[in-house]
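Both of the next two complexes hold subunit A, though its partner changes from subunit B to subunit C.
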Partner chain A sequence: MIRFFSHRKVLLSNLKVFSIKYFKTGIFKRIKMATIKSRTAQIREKRLQATGAFYGSLLSLLNEIRSGDIPQRIRTFSQDTASDLLYALQLLNTFQQAAIVIHGPKGCAAAQPYFNAGYSNEIKWAVTNLNERDSIMGSDRKLRDTILNVFKSFAPAIIFVFTTPVVAINNDDVESVVEELQDQLNIKIIPIYTDAFKSRIGITGYDLAVHALLKSLLPVADIDNLQQDFINLISISESQDDLTELQRILSALKIAVNIFPKYASVGNVIHSKHAKFSIAVNHDEAFYAGDVLQSGFNVPYHTVPIPVGIAQTAAWIKEISSSVGVEANDFIAKEKSSVQEFIENKKYRFQQKKIFINHSPSYAFALLEIVTELGFQVVGVKVPYIDMHHTEKLAALIEKYGDLHIIVGEGQLFEEINLLKKNKPDIYLGHTINSLAIAGIGISVVDVQSVSLLGFKGVYHLVTKLEKVIENTSFLKYLSQHKPETYLDNWLKKSANWHIKLEVK
Partner chain B sequence: MADEILLSRNGCALHGALKVLGAVNGFQPIVHSSAGCSIQNKLASVHYTDNAFNAGWLETPATNLTEKQVVFGGTARLREQIKNTVKIHEADLYVVVTGCVPELVGDDVPAMVKEAQDQAFPVISASTPGFKGDVYKGYEIILKSIIGQLPQLFYHESNKKATLINILGVIPGQDPFWEGSLYELSRLLDLLNIQTNTLVGFGQDFNTWKTIPDAALNLIVSPWGFSIAKYLEETYQTPYLNTGWFPVGTDDTAGLINEIVQHITVDQDVVQKVLVQQKKLADYHIVKTGEAYFKFNFQKKIALIGISSSVIGIARFLYHSFGQIISTVIITDNPPEELRAGISDVLTFSERIVFTEDGKKIQDILLEDKPEFILGSSLERNTANELQAPLLEISSPSAEHIILNKTYFGYNGALQLIEDFASLLIGRKITQNNTSYLNI
Partner chain C sequence: MSIEHKINQIAIYGKGGIGKSTTTSNISAALAEAGYRVIQIGCDPKSDSTNTLRGGNFLPTVLDSIRDGEKTRLEDISVSGFKGVLCIEAGGPVPGVGCAGRGINAAVNLLKDLKLFEEFKPDYVLYDVLGDVVCGGFAVPIREGLTDRVYVVSSSDFMAIYAANNLFKAITKYAPSGGAQLGGIIANGLIAPYAKSLVDDFADRTGTKVIEYIPRSLVVSQSELYGQTVIEANPQSPHADIYRKLARTIEEDKSTVIPKPLNVNELRDWAKEWGDQILQSQEGIVKQFEGI
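Entry: the complex of A and B
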């Protein structure tokens, strides 16, 4: 992918835009520079009061968040869920000219072929392959050998070392090995302190990765205030297709953009401190990086809704264009009218169809608005986590659409199936690795892992996909007729929150 | 000695156990570990096609241990998880498999399992932390754990069946053709009136596993079943036959069948009739390839990369029956040292035989060797592109294909192999537009 990154001067550089109005978001906990200096990022439960276990009405959830102390709940039965390690790997596997060292037993690198297949087989990685002896005697030497081997074999520009539960429990000294080799090899070697057990919120892994990356590549001492005419677009989980659409929009407006940390190079990260301001694709994920740049390098971080859906995409563009001082109204009007026309012709197909949404919070809430506008009836929403950033959005949704059922939890298919069997939606719209199980109970699945939802094009993609699943359901019927039963009736009759309990401290 | 691995392709012991449990109808794993272990295993299969039964696709019950349990122990959490799993997931057998965290912390898993057993729940456990071994070791651990613990839970009067065979050594998903190969082997033996317990895959369930002691023979088709066969020999006096790999084509397949029928009493006339029929049919089809074989110059310098059970048979067929020049065979499943000489003995035609699971070493060997055609995994894709050689996926990960019941094993497998091999070559010729079709 060609990244539109340039230092050339772009139109007006209106510096007045950095006003306080961009920080109007409800509760906005700033990441102090002391935090970035610390060894690793704070877990999301502590920093944002994030929770990964809740089932009930949006309103009761909102009240809990507003109380300022979201109660932590646990599950007395759980199914496997992605760890911080997997999220951190997902992000940094795409870093250009990087080598990945997974410091643990072989199995901690088992997903690497999967990531590799999704990234043109370009990922360079190694696993230290810890065995029983290493788990007792320590593994410093093995880590050293692996880093040396990786350096020699791949000639990377940067090396990321991911720790794993075994290393975390044994408290192996990763830092001194890394520091010594960093000097010896004259290359950046960055430890990411993933452990799979400190946080129940998998995407804490993104913060751990971003923290380590910025801490190492952007020392605060290097602040130089050499502002240039480009903006940072902070991307954490987006696909190439997602970013292609956003770049199409920004280059049409002649706005130069530096995309990082996803698919980024060392240069992209270092240059981020010279940007006029930073903007997120998805605030839920990008906030950590944006705030570090703001508090450490005076690069303002503008919060905007995720560019999913016509209205939010337009708002996203307006925020950027007005801050840069570029006229975007014509562009927006033109794109908007063609998408709107397209949608109007399709709406009749979706009237009164019931839909269930499962996606990360910002996506889920944006999708809720789109599908409602299309004529769907939303019967439930599932998000992997929720935190204090979502207060205003929840309040706005309740005001606009009334109360709704919400499950908070990553994975936990048993709860999802329980609810889906009761709500009986026609369509399941979600980001999931459980499509088969859901289709197995007779619900059409729109798995958005391969559908780019961002920008104006995202609306086309979504509507086109929805049309297709409604048009022909033969495979769905086939699956639901040939799949065995899922869970015991005993469970399916219970309330979906049966196993979610308040944590006893 | 366990060195670091670059561009790794094999999971850990826990993953080996999960691959088996997900491929037996009615077996339900309960993962006792920190979060992410079974997700890693699911992602490792890339397209999730190995998840044959409920346990494979309904998300795995997992204790998802947190810091509190790392510090204070996770047995209470496990007790709670077992108690609730039996109320949510229907199963004939629940198997607690452990990851690294509880093994380091020192959780008393057998005590928790005993508690559940006392309540009459069919629960057993297997110790499968990743630091104890790889996916192949995990296969051996889980088989031994289940076969060893089942008699404690269920009474089964052993009743030897003269024509029943157990097939050992197939790790679901480690070979993309695992299920197709098992199916084809069962089909062939069925023609000879021999019944098979394939243990994993289609039609395999709790009852199949209960009858493991009844078999007249244990057939081992990879390096990874020998210790289980030894155990079954000691415990149930079942003899074993260690063939180590799936043959491809008429000669080697007939060889396998002839070996099996030396251990099982069957009508020799039927055997000969079946062998002749199968060979006739295969030969009839293979011959049809002749015209294209010469026109498109099918003879290539070949490198093969994969696990021993599948790569040996394919290499032998390509050399002995299809005229290929085999320059390199790379075996990626770490067979025990003592078996390696035997593997080399059946591959003497290959210029080079290497045992490694290190993807970077494999790349380096290929770039040095410069084969014209590569049979390997999707991890060899970039090297194949660099060498401008076609890549046929015969080992995991196979990211470019969805494989359901396909196999290169046996008589039909040879035809399938030729079809795929030839199609790749011809397809390239056509897209490269350097062949004149009217040059008669």
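Entry: the complex of A and C
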């Protein structure tokens, strides 16, 4: 649904004025050190003015962000969305030698087996299984017993205690239990205050987890300025395959790297304060950790675009290599030419094919550039949230491609099906959870979670996958003829933004 | 239970320390003395509502039994007090933890499960509820038709009036969906010369009525020190008769209203008006308290 508006020139002239002003003032809202001392991270709506509900043109969204006060919209009907608890669990399920205690009713732990299975069931976990009685009498005894049991049964090096809405509403005292047992058991026990309802932006959960981790493992008093010869690679949501490609690149350039907090150990986190500098895989997710290390431990945080696509991967490598003082031009040139040759031979397959993208903002914007370059026509972009950090990128995209329509929201399959039926893309590039319903209406689905998109190899993976789904359409045809409709006609007749309304306070 | 057996379910609210439990216990005692079967349920985490009815006998609270997690029987959480008044205390969590409001809800539900009313067949059930309506839990006795009538105990102190006004707001909120309505105000602990006029005026402004005036008296304090109600400790005293009269009013006058609570500004202005009048009266300007 990218619409190249006829009044593009007018829009662009407005943009330039804005862009110059904005770039000068800088777009990143820094995290003050006082923030990390606070009990928990601020929600993204407050810290970055993030919004999780928008439907309209990219330019109008940009203008809203630019105004400095993004209006908060709500969905009067919400089919599904992910809470901060899910995001925080997803991140810390990969932490080495850790155990997880979910402090709440057992339903709050429903997603934990899924995350755990995704990482070979390595994490030992328990839920405090709160009931009505606990909500009346307080739940500290159950929490204490559960932590003790987890410690005795699994002997973890670190225990994460995730709070849930019941604990938050009751204002149960988690801190005193944690402090008491931390002394008694002599291990780190870290409470993560995932209230799951204070923010509508699920990704806030990453900040809550990172905040708790750094606050506990990197006390500000421990600053020692003992810089060593490695860099921090801040990874929050990447898969092992994603990181393998980035490690391949950095290893080829002989750059030592400390990856955290994903797949990290306690040592990785503590070690991070000695790095030369930090760099993100995905700035949207990693900024919080990078900025805390910068403001609290004098470890500079370098902001670069996510290494998705040839140009952004090259920029990412250049930023690191030039900061470290390593020559990377030959490596980049060699890798680039190989990928470009591969792409050129495939481009003819994608000409005029229509594609819809659903991914987190940095990925979605990078994918938009790649697929457009491949010859696709982008008919729509959906991102789970947008915040003030995206201003620069939004402006650049409009400048390059003209205005386009964008939906902001996590989950909400009914909105997507509605749009997809109207815009009829050939390919849906998005998340697995909605694949079946979308394939059921005859659209080929490329599951982004099964494709490692990072680095130069990511481009190979993506192009190969796109080629594959364009070639193999028989199952899709069969499915669309036999699968019943997911939604009734009267749902689909409504506008896709029917339920997105401005919040009246 | 037969259809003919009508249970009068009454909630009594009021600011903490205003004499709510004393008043409720004396009403229970007077009703029991008149031959009715009465249950008094204390809905306050302090669990001291029925102290003077049961002569200080130990009574585990409903929430104590929920906390222990064992199967609860009615006889474990109730005790028979003066003239057979069945005393029950909802109780609450340890101060500073949990949620006392939700506790009231759970206690009331447990009493329903134990078929309290079917077993005891009371004529009157009196819920003595913690002062202000601080959250939904403490509004349970007036919600969902659990009680028929609500009375509020108030002195002429502004904070007591403020709490009463808040209760009126809760009644107004729940009344349209079957919640209880107001039977009236019980003016308690009246001592100042203007006290009666002030409470009357508040009742008038809010479209309610005062059903009894109970002056402050040493006989109440003395009875409490004995661990008894006035009806039991000083049955011949004029104060015992006031409580008997109050019980008769509750018995005979079943009329209720939906009060018209004052908003913040109205309440502030009203209080200021009275403040001015009291000051003037102390300065000797005699023109007010027409009701005295």
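Observations on the model:
Methods note: the second predicted complex is superposed on the first by the 478 of 505 C-alpha atoms of A that agree within 3 Å, B and C clash if a C-alpha of one lies under 4 Å from a C-alpha of the other, contacts with A are read in each partner's own complex, and residues count from 1 in each chain.
Note that a contact is a pair of C-beta atoms (placed from the backbone, for glycine too) under 8 Å apart; a residue touches a chain by one contact, two chains touch by 3 or more.
What you see is a predicted model, and the numbers here were worked out from it, not measured in a lab.
Looking at the shared chain after the overlay, A:G104 reaches subunit B, while subunit C stays out of its contact range.
In the superposition on chain A, A:K142 makes contact with subunit B only, while subunit C stays out of contact range. In the superposition on chain A, A:H499 makes contact with subunit B only, not with subunit C.
For subunit A, the partner touching the most residues, choosing from subunit B and subunit C, is B. After overlaying the two complexes on the shared chain, residue contacts for A:E132 are found with subunit B and with subunit C alike.
After overlaying the two complexes on the shared chain, residue contacts for A:Q312 are found with neither subunit B nor subunit C.
By the touch criterion stated above, A:N170 is placed in contact with subunit B and with subunit C alike. Judged by the touch definition given at the top, the superposed model places A:S265 against neither subunit B nor subunit C. In the superposition on chain A, subunit A positions 132, 134-135, 170 are in contact with subunit B in one complex as well as with subunit C in the other.
Remark: subunit A residues 75-83, 85-86, 104-117, 121-122, 124-132, 134-135, 142, 145-146, 149-150, 153-154, 164-166, 169-170, 195-198, 200, 202, 411-414, 433-434, 436-437, 484-488, 490-491, 499 touch subunit B in the complex. Residue ranges on subunit A touching subunit C, taken from their complex, read 132-140, 170, 172-173.
By the touch rule above, subunit B contacts subunit A in their complex via residues 2-15, 31, 33-44, 46, 48, 51, 53-54, 57-67, 69-70, 80-81, 84-85, 87-90, 99-101, 104-105, 129-135, 360, 377-379, 381-382, 397, 399. On the side of subunit C, the complex with subunit A involves touching residues 63, 66-67, 69, 93-94, 96-100, 102-103, 106.
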